[in-house]
Amino acid sequence: MYWSELAWLIPIFPLIAFVVIGFLGNKLFKKAEGGGYVAIAMAAISCFISLMVAYEILSGGYPGELFKQSLLWINVPGQDLSFTFNIGIYIDTLAALMLIVVSFISTLVVIYSVGYMHEEGEKKRRYYAIISLFIGVMLGLVLSSNYLQMFIFWELVGLCSYLLIGFWYTKPSAASAAKKAFLVTRVGDIMFMLGLFIFFVGFGGNLDYEHIFNFNFEDFVGGNSMLTLGTFFIFGGAVGKSAQFPLHDWLPDAMEGPTTVSALIHAATMVKAGVYLVARSYPVMVETPDTMLIVAIVGGITALMAATMALNNPNIKRVLAYSTISQLGYMFLALGTGGYFFALTQEANAGYTSGMFHLMNHAFFKALLFLSAGAVIHAVHTEDMRLMGGLSKKLKITSLVMLIGCISIAGIPPLSGFWSKDEILASVWETGAENPIFYLLYIMGILTAFMTAFYMFRLWFMTFKGEPRDHHAYEHAHEAPKVMWVPLAILAVLAFGSGFALFMGFGEAIVPSIEHWHAHSEDIAGILTTIFSEWQTYLSIIAAALGIYLAYLMYIKKSINPDVFVATPGRKKVYDFLLARYGFTAGYDWIGLKVVYGLSLVVDWFDRKVIDGIVNGFASITVHLGNVLRKGQTGFVQTYAGVVLAGLSLIVILLFLLGGLI
Amino acid sequence: MIAIEYFLGLSAILFAIGAMGVLVKKNAIVVLMCIELMLNAANINFVAFSAYYGNLTGQVFALVSIAIAAAEVAVGLAIIMNLYKTRDTIGLDEVSLLRW
Amino acid sequence: MAIDYSALYPVMVMVVFAAALPAIHAVAKSSRVLAGVSLVGIFVTMALELMYIVSGEYPAAIGGASVELLRLDVFAALFALVFLAVAFYVVLASARYVEKDRHQAEYFSLILLATAGMMVVAMAVDLITLFAGLEVASISSFALTAFRKKDKRGAEAGAKYYVIGGLSSAIALYGISLLYGITGTTNIAGINTVLAGMGSELDIALLLAIGLLIAGFGFKVALVPFHMWAPDVYEGAPDPIAGLLAAGSKKMGMVLLFKVFLVGLIAIKADWQLLAGVLAVLTMTVGNVIAVQQTNIKRMLAYSSVGQAGYMIIALAVATPYAVEGSIFHIITHAFMKGGAFMIVAALAYVALGENIANYKGLAKRAPFLAISMTLLLFALAGIPPLSGFVSKFVLFSAAIDASQIADQNWMFWLAIAAILNSALSLYYYVRVIKYMYVDEGSTKDRIKVPWSMTAAVAICVIATIVIGVWPDPVIDVCEQAARALFAG
Amino acid sequence: MLENVPILSLLLIVPFVGAMTTLLLGTSPKASKYLALVFSGITLVLSVLLLFNFSLSSTEAFQFRENYVWIQQLGISYNLAVDGISLPMVFLSALLVFLSILFSWDVEERTRTYMGLMLILEVGVLGVFMALDYFIFYVFWEVVLIPMYFLIAIWGGPSRAYASIKFFIYTHIASLVMLLGIFALYFTASPLLGSPSFGMEAIASVAGSFGHDLALIVFSALLFGFIVKMPMVPFHTWLPDAHVQAPTAGSVLLAGLLLKMGSYGVIRVCITTFNDLSHEATIMVALAVIGVVSIIYGAFACLAQTDLKKMVAYSSISHMGIVLLGIATMTELGLAAAVFQMFSHGLITAVLFMTCGMFQHKAGTREIPLLGGLAPKMPIVATIMMIGFMASLGLPGLVGFIAEFSVFTATYNIFDLWVLIPVMSVAITAAYYIWAMQRTIFGDLTTKIDTKHIHDSYWFETVPLAVLIGLIALFGIFPSLLMDIILPSVAPLAAVI
């Protein structure tokens, strides 16, 4: 018996937790942290199974390193095209990697929540129910055996995201943020759906990965142009979910949710679903270099743009949110680069593996950063960094683990972020040989790396160093309880060390099963030599170091006054423009309120006045006609007689007319 | 023998006079008489055609219609009497309680 | 040669009872007794007619082989039954309605005579008998209309009815005389034979005659533009008599038109078919449109009757046996629907509830049975299944579609369209009454007590409406036979 | 087990007897309620029995047939049967009527009439879904109007008089046009058949030999009758008015069942009878355009509404447009999904209208601008509202998704990238629902209305909604339960002869 055969249980346990916590009432869980312990237990069980399954797959313990299981959900036989909807499980190395990340971080976050959400009272039950639901459906998403099933879970994680962003729904800003998240990702979902339609028909009525990956792409209905459109739309889904340009603006607002939710859903797992989707579709994507190029460009733009927005934001969670967007952009850049390179040369470069590597590393250090930020918020009850400062004295553990996270994300060796980011940038440069636009993307990547380092350390310095700016908050600040800092510590270890997976054969383990893909198998020394013998490596390290140094100058040494950036009207404008998120918020509002809602008002007016007006017009014409005709009934019998005789004459004339006599 | 056209002409004129009377005369009795005039126009037709065709059907019809007209007048006069009793008038232009 | 008068027995029964009533009145001064006797007479006659229909054997026609005057066939018997049924519930409802009036015997006697006249019309195969029957019925109904001598409105209605009626009689008679002049005969089938032999040559006199006949008989049917008397007369006449006029006298008008046009003038139907179509559309439209704005229930029902007449005239325009079958069917169902509605109005008038539709507010709570009956009857009039009005409209309208499939009759399709739009329009004012009864609150919630005889009259109509709607098969069968008999000449 | 039981007739007789019993014996509100509940419950049980006894392997297209001559001369039969298209509708009808009666437990005014009318409505709706003879089809079709008219006119909102009569006459005109189409079918088919017949199958068997122009005219007349009922833009304006004024149960049945009659008619009559014609590109495009316009137009109209119920009403238009779009594809997938969507919309819309009803009841208003932040006051209502909205906007795992997705897939299959237009509605649908939720149950507690006495749902409200939500989830997770019933029946329709 293999562990993999139990894989179907993985999403089941959290779902059980959801049902139990959600439907069994407040009374039962009043004592048990609103069901928090149930959620932890179930998440832990499924985490355990996940880890076993993932180990089995990644270590080659399961024959073929691929576990498949499938049940027929609906079958619609047709004359030209039969449609088969399946529900199943498909675990390859990619899914296994995601399983580890999702189940592990989920479990840690749920544990952390017990401390963080302690004061929420009855609302806790709702929290744990939904977060259990989220864990279940997210794991379901990872395990999906076909695109439709993935889409189903894709939507369900979106629902959970919506519910959790709006967890404090009595706060108008939270309700509004939840709405925005749902609707903006919905736009991406529509594209995903369109991609599915194209795939569904194009691939002959079956969306199983198994079927699609082994498909002869020559037979695709609609040809390569349709396939390109299909992959483009699929990527569109990823853009929405992973908050990429131009659908990125919901994620900063999503920070209205509890920090745990931001950590789990909006940093470590759900927003990765888009990356996962593109990685999952790699065998198809590489058939369409145009799409891959778009993926890379969108990734590059997003990475840079989000990083700029993080530069001056005063809200600790917002900074982390922009950082998340930016890092996700890196991942797409990596995937696009790798795919583009492969499509043109049929040779693999490190793009794909480094993208997934970065996904894993980012999951750990970003979860760590968010949860640390949560600990800070928990301590000072504000998210505004301008009201923090000097907290490292009070929050020793937190400041330490957060520092690890910051170094890691900044890309300083040997912490995890360095390894993956460096690989990404290297592969981008390599692809520049095929298409010079990648040189530009490389420059953007380096700039992003610089900014990343700067804003992360700006965050850290502002929060933990210097003088306390809000003494009241400072006085009341206290270190997080054990239930919170233990998960932080675990994550810190991972954020520190997950990069070493590279030396444990991460590259080979994760490659997709495309025939021409040839894995380079190298030993640790070989890898290190390769990495440190290239000038790009040093460039990215220097960029990161410069960023940190700048932050140091500005916020510790104070030798550069941050106010210089708003010193002139021109600079102030740029500064405000960044704060206004490049006007995207206003743009979304304009589309929503002016275009869509305006159009709906037009439709409503048209409906009431024109269409219904015609209907009511008929009625009132009839009524008026009735009144007019009625007045002819004068009551004088001789009028009647006159009408009789006139009628008679008319009839006779009519008869003559019809008879042709006149 | 007088040509049939003359009879027809006469009856048409009678019919038209009767019809005009029905329209313009205000007095109910006169209107009643005008209706009789119209009926008689038809009777003239019947008799004329009867003679023209040489069969008796027309004459029978004329007799029947005269009898009927008599009955009708009887009822009609009663109704007009009744009208006069309740409304103090037999002017048809003064009777328009029922309308619209 | 001895003449076999057995075809006249039903009419004779009626006349005898009519004659006997004043004598009975001398003995028993009770409207109930008089009504009872009348009912017996009507019942006996009905039984006679029914016997003919069921057995399928009819007495010999009256008159010689060449000059038939009256013939009792399935068509005549069926219509006689309709008229008798109408008379039956009218008398039933009148039993208490006239209890305070004078001249009660004459009242019932006149009803019986009017019915007898209608029966004669149904049997007539010669224009003489046709005209005689028509006048018997007309004169009786003039008198009935003005029956309440103290009633201002009754007197006015009588006078109006009489003037327009007399005018129309004269017009019709003039038309008949012209027809006689053209063909030399007054036998209806004979006229057709002569006309058929004359070829397609058009004759001014013939067209004039057609116009005069339509105008003269159209008065009875309340064909637009000869309809204007109807609302005034219905409003002014005693309520049961309004029912008699709407459900009985009007149907006699249809018989007149059928006999003259579909038997006597069928050979030249191309000349008048389109005209009949135009009149049908005009009639239904004007009737329904004016009805929308009425506030008096009797006037509303009167205009609704005008509209319904428009539907029936479709049969004239289409001029197929199937259409006539539909029309006859609709005449039968309408006799119960419209008659029933008038009986309800009579019953409510008897308890001094006004005739204004607004007076019916909250009726559902005050008189549940009458309210539900009214609702059913009005829905039936609007043609909502599964009530009888739906089935008969179904057959009638479908006949227009059926006929429109012949190449040069495509315009008949528009008859069906017009009829259907009118049907929908009529729903509007029927539903308004229903809304008043069920939805709106009345000023009082006192229960209304109605004499059982009136309730029974209403019940007859309602039951007939439902039963015919749910199980129309036998009725349709008879209508088909009647239509065939009509066309057979 | 049910071979010798005339179960379809029983399905008509039981509610009819129930209606009569309720009207006659329902002397107290309580008695009426229990009587109505029992009789509709029996009907529901019968329909469930029907569901379980329906054979998926049968070679007969129709099962449980009952066929008796009714009016011989005109070729009218009492011909009832169900297939995979009507069976889900029969079950849905029995279910919704039962739940609506339960949901109306607090109707104290003229309860007897109310309950009686609901049962009469049930007779009519069930008859429409089971009839295989045009005459009785039409009879039941019209019978439905009357109880619905009264439900709106008596228990409706302030301008109920206008709304009810508009509903009545508008849809009546449509039925009459349909009736003309039926006449034309009858008279054209009868000579071809050799004997007059109103039988749907008999007429369909010869409809192929109608002339093309005639077929087109008849098809259009019938289609008009049906799409007014569905209702499709621009013949939809009766619907928002009727819904806004109707009592909750009336709205539930109106949207849940009456609209389905329209789409059912399109499938059962239009495309079954004129199968060749329906496969013509112009017809398919025409149907698709009507459907798509309704989808988009309805969705936009929803966004502008301030009355919660009116919004839900417009959403019905949008969602019924999806049904028509599915039909327009004329593929197995599209047709099956259309039927599925009818069923799912029936369940979902019931939840939505019941939710609106509860808002009216508890908060005293359904005006969105007056509401706000009510979730803490009535968590169950809010939860139900959310589930209903989510189901309606096509959340996977709930019943609405699979139908919508399949329809769009079929649309892409047939109409290529034109699917872009209807798919846009997915975003707008989400927008109006999410926005409405934000403004009604989330955010600060409203101060515009008195919220002191707002309380959560009663048991008789929660129970029907729980049942509905359970079914929404059940058929959302296991759609093949229904799809397997539907598919064999739509396959012949999709086949090009």
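Per-chain residue numbering starts at 1, and chain names A, B, C and D are given in the order in which the chains are listed.
One rule holds for everything that comes next: a contact is a pair of C-beta atoms (placed from the backbone, for glycine too) under 8 Å apart; a residue touches a chain by one contact, two chains touch by 3 or more.
All figures in this text were calculated on a predicted structure; none of them were measured in a lab.
Of the two chain pairs shown, A-C and B-C, the one joined by more C-beta contacts is B-C. Taking the CA centroid of chain D as reference, the farthest chain centroid is that of B. Geometrically, the chain at the heart of the complex, using CA-atom means, is D. Chain A and chain C have Cα centroids lying 78 Å from one another.
Annotation: 25 Å between the Cα-based centres of chain B and chain C. Centre-to-centre, using mean CA coordinates, chain B is 64 Å away from chain D. Rounded to whole angstrom, the centroid-to-centroid distance between chain A and chain D, based on C-alpha atoms, equals 37 Å.
Each of the following residues of chain A touches two or more other chains: 630, 633, 635, 637-638, 641. Residue positions of chain B touching 2 or more other chains, listed in rising order: 19, 22, 31, 92, 95, 97-100. Multi-chain contact residues of chain D (touching two or more other chains): none found.
Contacting chain pairs in the structure are A-B, A-C, A-D, B-C, C-D.
In the complex of the two chains, the chain C residues touching chain B come out as 127-128, 131-132, 135, 138-139, 142-143, 146, 149-153, 155-160, 162-163, 166-167, 169-171, 173-174, 176-178, 180-181, 184-186, 231-233, 235-236, 299. By the touch criterion stated above, chain A contacts chain C in their complex at residues 622-623, 625-627, 629-630, 632-633, 635, 637-641, 643-644, 646-648, 650-652, 654-656, 658-661. Taken in their complex, chain A has these residues touching chain D: 72-81, 83, 85, 148, 151-153, 155-156, 159, 162, 166, 169-172, 174-176, 178-179, 182-183, 186-187, 189-190, 193-194, 196-198, 200-201, 229, 592, 596-597, 599-601, 603-604, 607, 611-612, 615.
On the chain A side of its complex with chain B, the touching residues are 630-631, 633-638, 641-642, 645. Within the complex formed with chain D, the chain C residues making contact are 379, 384-386, 390, 394-395, 397-398, 401-402, 405, 416-417, 420-421, 423-425, 427-428, 431-432, 435, 438-439, 472-473, 476-477, 480.
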